[in-house]
């Protein structure tokens, strides 16, 4: 996840870089649907496909912030739809804690987002990404974990 | 007379004069803890202190030290070596035990075929101004050590100060120290009364050290005691944290890690303090850990200082500052451990090596 | 539970006496093989955990306001010395104030201790004196003697004596502690010295956090940075924590290296953040991490926040009962989603 790899051509306007962890069964397919349906959303996200939202260790989220991503999105199946029955429910508790603690130490709450998106919700996925991009853009670059050299 | 007098309010001027040539480090209070920091405002200098929480070894052997840094630009990697090693360092107000610890550190970093350039270069560029210890802690035991430890020991510093109440008696020791004093022409001369007072304070300080340990035979006793049940006993309540070793003025262990800055495509290789008290310290790639439990790890700390050091360098690897005693979270008292070791002396004479 | 302020010292002496009696009879009747308790430290402002196997040593057991280490730390992972030659685990009696018992209950819930092998010797606790704060505030005056009497902490040293109000010089977490004695439902075959308390749920308004939580993210970051800036990464907080029993801590993992081990501020904050994350629903608020920190860093903000998160979200308080499932070990369909991004 070297930043150089994802460094896009900078236009006159700053664009955030957001890492998205999408579960294989719902959200990834949802993103795919958005793509094949040609629904427009900003090119700010880079997708990491994971088997289930329950696979997402909070380390991934914190490590992404340390490595300089401006925002993090985690998306999984709606409660009840998990391919593994309860993976997303376990994840939900975990994310609640992560979100509160990040907020507590002073990371802006709008940097890290959790959502549900099913395989049929291409439109919703695009809407959410548009919204998240806007929110993160408003915050500006993520510099908190930058090392003092 | 070579001794001079520095009035307490003149410390400011001393700082002003010397910080022109040196990076001036002195004890200062950070959130209630005394630590050595580079001083820019002489008001921050805190000389009425028992001893610093973090020993001044931190200046020459910091918690985190860059070995080199690098930049990655597409496929090119550009390495930048350290350039700040020529910096002249002055450490002001060091207690005699900590001043001696610099020589112990040097013994380690300058030993054998592979010398540590970083440390040695900094050491060469360092001037140490010592400060006599008039208020030893109850846990201090420098007088028990083999280096003729004394709260007023002058041998390891360039200039030695003694707090006489209103003034400091300034005693140039090394050639460098003499040269510095010569430059500070504004210092007033000391008279015989001052010298006598310093002498009295020295005696008084010595009498204040209540802990007397017999360390003469400790190294020999430890030789056959590797598997003695004592180690189990003394490690029982150890938590396995790194307090005793991180805050020890003579501990030298470090780990080399990569510190990568993904933001800016650069990184540095750093060394950070490590300690034999951590499980990971001796863990081998195969998964085998020769010091798997805290019994071995506690043993190693004692053996290293009181057995391996005497064997390798003919010195005891302890200065007697007592930091590990009063900072240990579970009060695992080194003095008690030494006493227990000394107590097994007679046991060993029975020729039976006890196996745990 | 507001207790009438009695003479703390007299109370402690009484407890100490009873505790020794209980411990003695447990050892004599071979109900336990070893007793873990506190012994007098060799330096003031300290106490030293002790392991008693012989009845003759019972009198080294003490009880005062400096028993700050959480003794549950010593049973997980089981110490090698608790397993005898036939690999039979010894039965351990543990001198437990409220937080030690809570830690044991939680550890039993996590299947880290076998309730059969543990006997809680319950002690009503008056709180632990904040040794780091006293040290810091006295500055460069060495404390040689400390005692508590009535509602005062008296510290003596060479040429000085200071009297400090006891309630102010308690550990921050003891000030808000609601479970001073072991919770009764524990059923870890307990013996209680003094009165026991029946408690199934703790009421708390977490008003002590409101000031911090009203800050902006920038201000919070500043406070946290300032709080942790002295950290030397000696990991005393981790090692003293009864809940930190992992074989390999996340900071020590190097395949891959998740988080840096350096003293860079960002690495230090990440260590404490991720450790806190692992403590959610598990921290019993004993304050051992702050008491043992050699630099005197007080982690109470983080401890309290953890307590608050699980209390408000999952109505859970760690270590009160063996019957309730800890929140991070289970899930519910109807859990709150207020933190998630909605469609609007």
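Note that the chains are named A, B and C in the order they appear, and that numbering of residues resets to 1 at the start of each chain.
The criterion applied here is as follows: a contact is a pair of C-beta atoms (placed from the backbone, for glycine too) under 8 Å apart; a residue touches a chain by one contact, two chains touch by 3 or more.
From a predicted model like this one, the values you see are computed outputs, not experimental measurements.
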item	value
Between the pairs B-C and A-B, the one where more C-beta pairs touch	B-C
Centrality ranking, top chain (CA atoms only)	C
Distance between chain centroids, defined by C-alpha means - chain A, chain C (Å)	36
Between chain C and chain B, distance of the C-alpha-averaged centres to the nearest whole Å	32
Whole-Å gap between the CA centroids of chain A and chain B	48
Per-residue multi-chain contacts in chain C, two or more chains	264
Where chain A touches two or more other chains, by residue	66, 146-147
Multi-partner residues of chain B (at least 2 other chains)	259
Sites on chain A touched by chain C in the complex	58-59, 62-63, 66, 79-80, 86, 89-90, 92-109, 113-116, 124, 127-128, 131-132, 144-148
Interface residues, chain B side, partner chain A - complex	72, 74, 259, 261-266
In the complex, chain A residues that touch chain B	1-4, 66-68, 143, 146-147, 149
Chain C residues touching chain A - in the complex, by the definition given at the top	213, 215, 217-224, 250, 258-259, 264-266, 269-270, 273-274, 276-277, 280, 302, 305, 309, 313-314, 327-328, 331-333, 335-337, 339-341, 343
Residues of chain B defined as touching chain C within the complex	29-34, 46, 48-50, 53-54, 63-64, 135, 137-139, 232, 236-237, 239-243, 246-247, 255, 257-259, 270, 272-273, 275, 278, 280, 293, 295, 325-333, 335-336
